Amino acid sequence: MSSSVRVFVTGGTFDKEYNELTGTLAFQDTHLPEMLRLGRCRLEVSIRTLMLIDSLDMTDADRALIVERCRTAREPRIVITHGTDTMVETAGVLARSFPRDGDKTIVLTGAMVPYAFGSSDGLFNLGSALSFVQLLAPGVYIAMNGRYFGWDGVQKNPDTGVFEPTRSLPAAADDGPGGPPSGG
Amino acid sequence: MSSSVRVFVTGGTFDKEYNELTGTLAFQDTHLPEMLRLGRCRLEVSIRTLMLIDSLDMTDADRALIVERCRTAREPRIVITHGTDTMVETAGVLARSFPRDGDKTIVLTGAMVPYAFGSSDGLFNLGSALSFVQLLAPGVYIAMNGRYFGWDGVQKNPDTGVFEPTRSLPAAADDGPGGPPSGG
Amino acid sequence: MSSSVRVFVTGGTFDKEYNELTGTLAFQDTHLPEMLRLGRCRLEVSIRTLMLIDSLDMTDADRALIVERCRTAREPRIVITHGTDTMVETAGVLARSFPRDGDKTIVLTGAMVPYAFGSSDGLFNLGSALSFVQLLAPGVYIAMNGRYFGWDGVQKNPDTGVFEPTRSLPAAADDGPGGPPSGG
Amino acid sequence: MSSSVRVFVTGGTFDKEYNELTGTLAFQDTHLPEMLRLGRCRLEVSIRTLMLIDSLDMTDADRALIVERCRTAREPRIVITHGTDTMVETAGVLARSFPRDGDKTIVLTGAMVPYAFGSSDGLFNLGSALSFVQLLAPGVYIAMNGRYFGWDGVQKNPDTGVFEPTRSLPAAADDGPGGPPSGG
């Protein structure tokens, strides 16, 4: 039994940098290896950059590529770094291919502030996503704000930037259909 | 069913700061609230500082206090920030009171570099510990380096500073006796 | 004889922040007080924010306001934080009102990377500008990249982002017409 | 006429780092090149590490070496990074060899918080010292807290960590005997 985790990088705020010549935010390279080094992470992690784009620019073809890479990945546990704006949409697309009775646990995560900036939530979210993915049952999840959500029970609040449960009853983060394995 | 988590602060490298008048490392106040803010954490978390000490200075009385506070905490899920040098020892003391068939999940975590310094692993570890504690079955665990370990299956390697499984067989991080709830 | 320095804030990259809801760079408030605190600055400094704009958006009216504020300032030594794109242009406008045989020393400075980001040159440039302004003879100067330049002897290299002397002869940084007081 | 500056590194808080295995502060290597890169410094600077020690451990032999290196340096302008505790003492030793009517301008600077920590004053002080050294008349100075002082007009306040003039009259920072070139 392998404890290795596959990380697919797609870009998003996580990896944006300040281009000092143009004064704009842009992608240069992923910060994931540096972040894992900073976190002294000793989990067996294989990183692969699929794309480095703003999630608002993500096309159907991009999502199809992500699905395909998840399908052919040998690891049963996968973390995807992704822009927050369409993270829920991509999670929905993935869920069609990776059901709850399947054999893959996929956790999407992102950041509200680029890692390269002093005040990023990226390192916290990465530690969180890599931990959730080790314990959650097969299915597709989003890990943000220290919580995890099943793919169909979450939305990004555009006013606060916070990921929230879409349903108020039972509290999706605890025992929704995309929830954790029961302690049986 | 509550998803709230109790955090007990005991000090350790996590919370050390540079005292610019004396040129030494010392405790001033805990950084946990600031770290949760930086991580945009929306998990319901109650922080309580029990002590702010180097874990090499932790006495039996200190550990008895930690046990007592865990016992009287209403939350079933508890994270303890702790110096790394005697984290395993404190976990062992806690395990005598909080067995695997009990009703509390306790995760100890710490940092190799103070949070106040630029290159700390603290935020990564905090995100990780707060995530593991939400899913692990009752018992006492250590979360470091992106991994979790049952209290009796881990040691800190003094040469590398890395927390490692004490036993090479089955891989304690995956299915040791302090492992995750089985999916059924 | 007063050693106090007036600082006028006009915005520029110096003070840009990442707006995590829109994913764009924007102004919120000046970081100057925080930067002076970080630098443990004990120089008597009075900060006044005149505007918080990108220097590409600076109008003739904005520049007229800056000139006016410099004219009415009681302090003989003034530092202006300014976007780098039109810093030379504003220096030229100021030079019409504040000649070398006048009674005011004005130093413009800025940053290539926002202070709020981890890798900013802002603190270095601020320390530099506040030091140059204490010693330079009356006139208008630009302080960037650890060097100072008379207002009419400098240009920003658009390819490298570096401020350079416009003339190769005598080395403007040392003894150009806008140079330092000669040693008696 | 050369505008190049020689930087001699002697250690001090500037260059201390956190050793995560021992939990102590120690020297590993100087951060000066990285700091100059961060400051986008384009001044011609030559860095030479003479020693990496706490200034409380500095011996007469160490100070003799510093004097000797300043003497043989070809550059007329020298910045020395130095621990703050005995910076004034070393300045006094240097002043015996480098008088005000000599041909060398020497500026000592340091930091209250290690550069490797998030909240260091190091970058501000370095920008400041490199600027003062370009304009001050020959002699020995200390640049701290955004100000400069002649070597015999300054002391470190042990209660606040701030460098202050030793004499209250005329304000040493402006026109003390170690002051700037008079304007004409």
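Letters A, B, C and D mark the chains in the order given here, with residues in each chain numbered from 1 onward.
By definition in this document, a residue touches a chain if its C-beta (ideal position, glycine included) is under 8 Å from a C-beta of that chain, and two chains touch if they have at least 3 such contacts.
Every value quoted in this text rests on a predicted model; they were computed, and no experiment measured them.
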Mutual neighbours - chains that touch subunit C and subunit D alike: none
Comparing centres built from CA atoms, which chain ends up most distant from subunit D? A
Take the average of all CA coordinates in subunit B, do the same for subunit D, and state the distance between these two points in whole angstrom. 42
So what's the Cα centroid distance for subunit A and subunit D, whole Å? 47
Here the gap between subunit A and subunit B, centre to centre from mean Cα coordinates and rounded to Å, is 24
Which positions in subunit C touch two or more other chains at once? 112, 118-119, 161
Name, in rising order, each residue of subunit C that touches subunit D in their complex. 1, 3, 35-36, 38-43, 45, 112, 119-121, 123-132, 134-137, 143-148, 161-164, 170-171, 173-175, 180-184
Flag every residue of subunit D that touches subunit B in the complex, lowest number first. 13, 18, 20-21, 23-25, 54, 85, 112-114, 116-119, 158-161
